[in-house]
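Naming follows writing order (A, B and C), and every chain is counted from residue 1.
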Amino acid sequence: MTGNNFEDQLKDELIPDAGPIAGPPGDSSDMSVVTSEKLALVDSEAARAALADVPWEPGAKKPDPILVADNVVRRFGGLTAVDAEHVEVQRGVITALIGPNGAGKTTFFNLLTNFDTPDEGTRVFDGHNIDNVPAHKIANYGMVRTFQLTKALSKMTVIENMKLGATGQKGETLWRSVLPFMWKSQEKEIEARADALLERFKLSHMRDEFAGTMSGGQRKLLEMARALMVEPTMVMLDEPMAGVNPALTQSLLGHVTGLRDAGMTVLFVEHDMDMVQEISDWVIVMAEGRIIAEGPPATIGQNQAVVDAYLGSHHDSALDLDVEL
Amino acid sequence: MDWGSIIESLFRGLIGESFIVFALAAIGLNLHFGYTGLLNFGQAVFMAAGAYGLAMMVATIGPAANRNFGWDLSESTLFWAGIFVGVIVFPVIFAFVMGIPTLRLRADYLAIVTIAVAEIFRIVVRSPQPGIKKWTNSSDGLTGFSGTFYDMSPFGTQDRYLFNLFTGNQMFLVIVGWVVLAFAAAVCWLLIRSPWGRVLKAIREDEDAARSLGKNAYSYKMQALILGGIFGAVGGMIRAIGFSVAQPDNFITDVTFFVWVALILGGAGKVLAPIVGASLLYGLLNFSDTFLREGVSADVIPDSIMTGTQVGQVRFMLMGLGLALLAAFRPQGIFGNKEEMALDDR
Amino acid sequence: MAQDGGETLGGTMRAKDDAGEDIFVEGVEFTVFDEDGNVVGTATTDAEGVWLIDLPGSGVYSVELNTDTLQGFELRNPDNNPLTGVEVQPTTNKNTLFPLGERVIEESNSIRAVQLFVDGIKLGMIIAMCAIGLSLIYGTTGLTNFAHGEMVTFGAMIGFLFHVTWQFDFLGSWMTSLVFAAVVAIIVTGLAGGLFNEFVWKRLRNRGASLISALVVSIGLSIFFRYVFLYQFGGRAGFYRDYRIGENVEFFGIFTMLRKDIFIVVFGAIVLVAVATALRKTRVGKAMRAVADNRDLAESSGIDVEQVIRWVWIIGSALAGLGGVLFGLTENVNWEMGFRLLLLMFAGVTLGGLGTAYGALFGSLIAGVFIQMSTLLPFISSDMKNVGALLALIIILLVRPQGLLGRAERIG
């Protein structure tokens, strides 16, 4: 499948009733500053609606998958950390990846983004086979990730962190870098975009501080904002809410749904079931490296395999979703 | 005690040839370590690359080419070719040898491989085997390659310049060195303020983050390794021209450590640090050396504590201790900023 | 001492050791004959390679060197031994010159391979002994300790002090005296390691110093101590008294070992097996491996990490001290012996996989064997044999970056 096919398909199926993408002006979840042309083609409402027909089973086919993984296996010595037979991620929706500690979620993330190489398996992102694509190129294809352990670049200022995220910078080539006139104007544009994003994420007051002076939650925000500088089509967030105080969680959640409403695809790992319930459109459950269940968030708690995975197989009551997993 | 000669030697250290050599090497190391976080413990081999690139082109490779291919390249042609080989070809080769196996791995591996490459080079160059000695002249080293350089000197060889600090040839070398140094510092300044430099800093802070944002960390690290190596090679070349000999024992591991001292003294990660650090280092080294020697010969320091030959040893001891204390108590360098250092959570 | 006009005959025996450094050869016997072939006197070179014989007066003499005492070196001009027609003028000291070539072992190639393999195991054991500490310190604290080589030198020098300078004889035999010196060296270096941890490294850790600054501190200390050794010991090479135990013992007619080398291999094997067993069986040993494996996990499961680190420093340094004595016994004791060994330790540790104790052991043995056996290749002469090992290191990193026993790192 090529990228063009995807877009044709998109136009056929999704465009007819497409409305404006951006949220109301001034809304903190307004991601219009990061939308690119490609995203304008994605209608997240329709994408979500399309999920209604997807069966609730592991490896379910999606109507418009942006990311497809097949038979991805990763072993560490004797331990098989990931063994995913078939996974598809629907374009334009928020998919949550959940599972007990050590289920292999982070490892799976690493495999999907090529930060780690699988022992077997193929992965296709947005029509490109990415099996032999180095990790940094994946960002240029439009997939960007964050890390479970936040990676703020401590000894760089917040604005520098942000500007780093922009792709295709002329001044990042060695010979051009010593000739400032070659890149100064592009730098100005990047800076404007970074400032707008900082504004959205309410980080403007930290603009010229070292990122190392930020709190854990602020770092999470910065990492997400920086990822958006890449102008991605798909954002992969590894536990974006971990360690963030409740007051900040709401705004983070707002940002994540904002990404979707702007047409981006979001795949995120989360342990807090409340949040998963609140924002995700689809849930994939991993346990011991395998995909054991899939379905809309409301159905997951009733799934016997999921209950077994979380509570041990002897337990047979439905999962109480008020209990944090 | 002859205070005049003590002061003279202090100033020669602060602004002289050794200062220039080590400032250049430290500018390179700053690019490696200060900005990219590469633990290069083989800067001496880049310096040796500069020295041997020039010396071998003029003294052995060039003449051999003339003989075997019937060419007629003049010494000055060979000199300029040697500068190219020493500043570009050799450092690029060394950087590839060091970088290809290690730049995808954790930082420690580069440290070990850089020392290893420096040691390999030194052992091979000083090998007495005829097949190698023919090109490198073993531990005696190569001579007779600096003529073209000094022929360009406008200074009288018999006169002394700058308050009697330098001979004519030294003066010429030092002035050329200052110009080169200023140029190198300016290039470094531009690089660091550019988006390219921003990527380097990001890699230093967290390579995975940089990669997740689409930066080819491997390629940038290689570029930094090569470029920093080139600065080191220029330094090594000036050292060889100054001594008029390229000798393996002028590029031992301790030379690399000296470069580190210069960099740490000035504060890694700042454009002027290498220059300030190297100047301070050689000022202090020269001062203590002459001071102690004068003390010994004037019998102010008794022979039971230190003899003339032991002055050098005591000086090294002081330097080692100084480096340890500096790194322990002021890792940010003499003029560095403590807060910024504290952000380092490695 | 001097009779009559005080005429003497003498000389200094110098050679290059395996690393191509100048050393003095101790224990070479000389006999001086007069014109009629009568023995005038005999002498043996001292630790500085010097020999001297008083003569009855001026005249023409001949000098013979006992080639069995050459400690494995060969004369460059065997035809000049005995050296005849040496004219000694009245009241002068006449110096003679017996240039030495490389140390050579002449055997057929297959036998030579076995010999080199055995030599390699010996060298590998010494490297391993020194490298275990380096690796455990790295594993538990993250510090790449450049001053570890100086602990090796320190051990060798403590041994030298007891064994040579103070001529400390213990139970009369050369072996017991040597073991005694080695034990003293172990204790002193172990204590020194513990003190260093207590007063330098622990404080640095507690102040939250970055690993890089700690590394630079170790470089500073390495330079400092190296020059302290040079200042104290001088630039010469020292030999343990039993360096002249040059008696070869032959095994199965395939390879020979000097008595001291048998001592090194046996003693080394006992110590290494003991260490490996202790790491596997004892509580401290298990704790060390646990901390090296995953510090946070070890800490949360109730292991007192600081206590473990203390033991790592003490044991690692003691092993390095012992390694120094043994290394001094195979080659010689000098001020930068440990620093020269450091690179081989790094090679061994990296080959095996950074931070794992077994890896260090295994990698060092391989490095030792590789260093010796690489001289079988026609283009690697003995002065370049370390090059072979270092090249192998680079190549292994290309093929198997995590080292032979290491495992890949976690991301994300």
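To be clear about the criterion, a contact is a pair of C-beta atoms (placed from the backbone, for glycine too) under 8 Å apart; a residue touches a chain by one contact, two chains touch by 3 or more.
Computed from a predicted model, the values in this text were never measured in an experiment.
Novice: So which chain ends up closest to the centre of the protein, judged by Cα positions averaged per chain?
Specialist: Minimum centroid-to-centroid distance belongs to B.
Novice: So, comparing C-alpha centroids, which chain is the farthest one from subunit A?
Specialist: So the farthest one, by centre of C-alpha atoms, is C.
Novice: Using mean CA coordinates as chain centres, what's the gap between subunit A and subunit B in Å?
Specialist: 46
Novice: If you average the CA atoms of subunit A and of subunit C, how far apart do the two points sit, in angstrom?
Specialist: About 57 Å, centre to centre.
Novice: Using mean CA coordinates as chain centres, what's the subunit B-subunit C distance in Å?
Specialist: 31
Novice: Where in subunit A do residues touch two or more of the other chains?
Specialist: Expected reply: 115, 147.
Novice: Would you please write down the residue numbers of subunit B that are in contact with two or more other chains?
Specialist: 208, 344, in rising order.
Novice: By the touch rule stated above, which residues of subunit C touch at least two different other chains?
Specialist: Subunit C, residues with two or more chain partners: 411-412.
Novice: Tell me, which parts of subunit A touch subunit B in their complex?
Specialist: Where subunit A meets subunit B, its residues are 113, 115, 134-140, 144-147, 151, 153-156, 160, 163-165, 167, 169-174, 176-178, 180, 183, 187, 210, 212-213, 226-227, 229-230.
Novice: In the complex of these two chains, what residues of subunit B are touching subunit C?
Specialist: Listed in rising order, the residues of subunit B that touch subunit C are 39, 97, 100-102, 104-106, 108-109, 111-113, 115-117, 119-120, 123-124, 126-129, 208, 253-254, 257, 260, 264, 310, 313-314, 316-317, 319-328, 331, 341-342, 344, 346.
Novice: For subunit B, which residues count as touching subunit A in their complex?
Specialist: Subunit B reaches subunit A through residues 187, 190-191, 193-199, 201-202, 204-206, 208-217, 223, 227, 269, 340, 343-345.
Novice: For subunit C, which residues are in contact with subunit B within the complex?
Specialist: 20, 138, 144, 200, 204, 208-228, 230-231, 339, 343, 346-347, 350, 354, 381, 383-384, 386-387, 390-391, 393-395, 397-398, 401, 409, 411-412
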